[in-house]
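Below is one structure, written out as structure tokens, with a few remarks after it.
Should a chain be cited, it is by its letter among A, B and C, assigned in written order, with residues numbered from 1 in that chain.
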Amino acid sequence: MSVIVIFLTVIAGIAGWWLSQQRLMSKPWLEEGVIGPSFDTGTSLPSAKIGLAVFLAVVGCLFALLTSAYVMRMQLPDWQALPLPQLLWLNTGLLALSSIALHFAVLAARKGSMETVRLALVTGGLTALAFLFGQVVVCRELVAAGFFLSTNPANSFFYLLTGMHGLHILGGLFGLGRTTIRAWEEPKTERVRLGVELCAMYWHFLLLVWLGLLVLLAGWAGDFLEICRGLLN
Amino acid sequence: MVDITPRAVDAIPPAEVPEVELYHPRSWWTTYVFAQDAKVIAIQYACTALAIGLVALVLSWLMRLQLGFPDAFSFITPEAYYQFITMHGMIMVIYLLTALFLGGFGNYLIPLMVGARDMVFPYVNMLSYWIYLLAVLVLVTSFFAPGGPTGAGWTLYPPQAILSGTPGGQDWGIILMLSSLILFIIGFTMGGLNYVVTVLQGRTRGMTLMRLPLTVWGIFTATVMALLAFPALFVACVMMLFDRLLGTSFFMPAVVEMGTQLQHRGGSPLLFQHLFWFFGHPEVYIVALPAFGIVSDLISTHARKNIFGYRMMVWAIVGIGALSFVVWAHHMYVSGMNPYFGFFFATTTLIIAVPTAIKVYNWVLTLWRGDIHLTLPMLFALAFIVTFVNGGLTGLFLGNVVVDVPLSDTMFVVAHFHMVMGVAPILVVFGAIYHWYPKITGRMLNQTMGQFHFWVTFLGAYAIFFPMHYLGLVGVPRRYPELGQTAFIPDSVHTLNAFISIAALIVGFAQMVFLFNLIWSIRHGKEAGGNPWRATSLEWQTPHTPPRHGNWGKELPVVYRWAYDYSVPGAPQDFIPQNDPGTGRTAMGMA
Amino acid sequence: MAVALVLVLIVVGSILFHLLSPWWWTPIASNWGYIDDTLVITFWITGFVFAAVILFMAYCVFRFRHREGQQAAYEPESRRLEGWLTIVTAIGVAAMLTPGLFVWHRFISVPADATEIEVVGQQWQWSFRLPGADGRLGTSDNRKVTPENPLGVNPDDPAGADDVVIQGGDLHLPEGKPVKVLLRSIDVLHDFYVPEFRAKMDLVPGSVTYFWFTPTQTGTFEVLCAELCGVGHNVMRGTVIVDTPDNYQAWLQGQPTFAQMTAQNQASAADQIKP
């Protein structure tokens, strides 16, 4: 459970930093009147962004827990790591491309060039779809090679983790689809900017999660854990 | 001494928030059914939770009938008994208490108390309720599924939960249970995002964090915790569904069931327990923190005195919330985990007792030199303190690793958690309903019925659960449909069991009176007016009672003070509402 | 008035119930008197806190109940009082935790001279295995469980040949000798629970858990299951008989070993095939 505890420590650090800005040491009974403008209405960020950030913390928690479970299960004797198909690297590239495309969409939306926004959004969506397709192909390859879901916990975790990540991408594609449609209907970038930024934020986060999962699945995390365990003992 | 100089009252402009950027309901359906108004959603949540809670109440009667009179009811087979305890536990913890405190009270009170028009994402809020309802319906379906609901105990420990020796293990019961939990978590996450972001972003002008009523602090912290803890249950449920349906071995070791070798191998039942309790322990505080917050406000309002040590109360809530994530394995002292964990988890568990104790002291010190009105909400708050102190102190037995060894899995545990996270929070729920019902409906609940309900519930619940600890001391194990002939159990234990069962039936009956009161008073209750308790917090200052869609009419309230200005020396009344500009107290020689 | 009185009565009633009720733990039959001592310390401290808090509350309710013209005092906080209460609480908590941790350390430190015995749970009966003359238990594996070898003892391990297997029968233990109980399950979670011994631990399929104790009283004790294990949970009973060392040896000599049992099983199987 160390992974999730570390993750939550980071969250607690962020929450603690935020709380430390909120004058928790003040004596509210001595203060009367409308308190200074900086304390008027929370932060200046739009609520949707805060909402997405909180949601991403929950998603991060989910994957941190899966990682914790993976690490705990991995230490039992019946674990046999499965080989990673080469295609996975191509998929990773596609997802990175998708993330970059959405980043360009954000830049374009800030500059106000609607055409670029539309192009970037479509590129991002298509590469993400290609990533999903690639993931399905990877799974089919593995099954064809005899790595069935229930034959070994390493296989079970591989399908569970990629599946869970894929579902989150799929959910994101709905949001991206809606934003893309709006980008076609709206002539001005200001009206879609927030939506584009939210999509990009979600995409970058899922790319980060995927890279984390890849490290785990490739077994690099195992070496790291060995070192940690050596330090602890 | 004064951190911030009060501004001249005239200099403060009215809150210029654009009239309503809200979704305006157009029809009866969108006003009352597919509503996006947090207050309607709150009532939907509350009614659904109370309805499914009623099922749990009936199940508890059946359990108590079996335990009190083991030979009298032939229809309560061991299978049925295990199904009753499982569904009773799961419904009470998740579908009633969590949903009621966060979905019910959270939805109603957060926007009103922070001075917002609504939750920040009303559409997502509506979805949250409908997914919750779906989760409840899936849960109810399992009663009618072949094989009945699962009988694995609310902890759903594998391997037992998905094997045929347990009711529903190889039938639909466990599948429906896990699916329902997954739905609940998805629905809750949607609602939880709303509660958190509304507190972060939706506060009106002048409403700093340190001016929030403790109710909001409690619900806010509990929601943050729930958002981070429920994923653990989600992961555990998904992985167990894989084990049950797809033959994986996440949690399932090599098992020989009734002479048959099963396909599973190598899995770890302890992995499930870690995941489950990583959710399960914060869950205790997810239920307790809103109760802490609400009871603070009830005591303060009805004792006409500011809550004693507000800052300490806030820090304690935050501290308890953070600490509760590093105590989970105290549920697993005798689970066979690495025994050295015991040192760490016993220490963290007992450390958490300190902020909790401070909260108790501050509640009692709020009463000290107060002007205590013994209204129904105050009575329930006092009863909460009694039961919470009792249940909290027995927690020190169970948290202190070696003392837990003889007591774990006995009736002592059952008595402890019912006292501390069953009776105590439910007494707060009742107190809160008596307190806010006038705001929700415009009428008071009937006093006579309320007094009857209070005394029977409080004394009855104490009579049920206090003696039950001693059954555990004797050594009576939990989750036994009947004790049978056991050498070390004296006959007097059976007498005590019968007594507890009768008390449980009486307490259950009193809840019917309460439900009747809820319905009866909508039409026949005394007119309450806008602020019957003369309270300071914003929800009592709405232009209309019940508050309309958008809560505040044309202009949002502006907050000039904290939520506890009761009995301020020199003030014309014994309370000053939060949105009252006042006269500048510093001039009155306040220290 | 009535409310304050009821609060006082609850405290008095609870204390009287504690002192006068017939329900108290079973007479101890193991070395874990320390656990009982820690529990009693906890009872004293928590009982005192309960009485103090509720009685103080009752006094407040009585003394400061609403009367005409009364006004509450205005006192937002008192750092001194809160500080003192925190310190006193921390001391009380430490007074419970410290002995608890010391006893826990003892609880998990198995003495070197403890005899290993094995308890095996399955739905819904207890089986036991004692080391034979070599003093060692043979290895085992759930994959090796068959009707003839119900505990899955590894037949290829020479250390297991002289093990004594007791399936569904009574477990005998010698008085005064520490035992390390190894716990194993072949299906679901169980918990080996003898109230008189105080110690207990879960049986987890797929791993071997343990605890230790020294029986200090001869006699017959009932074994219960304390971890929900399916519909037969409450009927999963067994018996532990603590003998004097001489009686124990006499009993042990009369038990067949795993090798003898296997041979017998094979012979009877052969008998069945012959006709």
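As a convention for this text, contacts are C-beta pairs under 8 Å (C-beta built on N, C-alpha and C of every residue); 3 or more make two chains touch, one makes a residue touch a chain.
No experiment lies behind these values; they were computed from the predicted model shown.
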Counting C-beta pairs in contact, which two chains come out on top?
B-C
Of all chains present, which has the mean Cα position farthest from that of chain C?
A
Please work out the Cα centroid separation of chain A and chain B, and write it as a whole number of Å.
31
Interchain centroid distance [CA atoms averaged], chain A/chain C, Å:
45
What parts of chain A, by residue number, touch at least two of the other chains?
27, 29
What are the residues of chain C that contact at least two other chains?
76
Which parts of chain B, given as residue numbers and ranges, touch two or more other chains?
265-268, 306, 310-311, 564
Taking the complex as given, what residues does chain B use to touch chain C?
78-79, 82, 151-153, 155, 157, 159-160, 163, 165-167, 169, 253-259, 261, 265-270, 303-306, 308-312, 334-336, 339-340, 342-343, 346-347, 350-351, 353-354, 357-358, 360-362, 364-365, 367-374, 379, 382, 385-386, 389-390, 393-394, 396-397, 400-403, 405-410, 459, 462, 466-467, 470-471, 473-475, 477, 479-484, 486-488, 490, 492-493, 496, 564, 566-569, 574
Within their complex, state which residues of chain C touch chain B.
3, 6-7, 10, 14, 17, 21-26, 32, 34-35, 38-39, 42, 45-46, 49-50, 53-54, 56-57, 60-61, 64-66, 70-78, 81-82, 85-86, 89-90, 93, 96-97, 100-101, 103-105, 107-108, 122-123, 141-143, 145, 147, 152, 183, 186-189, 191, 193, 195-196, 198-207, 209, 220-222, 224-235, 237
Complex contact set, residues of chain B against chain A
1-7, 9, 12, 120-121, 189, 193-194, 196-197, 200-206, 208-211, 224, 227-228, 231-232, 234-235, 238-239, 242, 246-250, 263, 265-268, 271, 274-275, 278, 306, 310-311, 314-315, 318, 322, 325-326, 558-562, 564-565, 581-582, 584-586, 590
Show me the residue ranges of chain A that touch chain B in the complex, using the header's touch definition.
1, 4-5, 8, 11-12, 15, 19, 22-36, 39-43, 47-48, 50-51, 54-55, 57-58, 61-62, 65-66, 69, 72-73, 76-79, 149-150, 153, 156, 160, 164
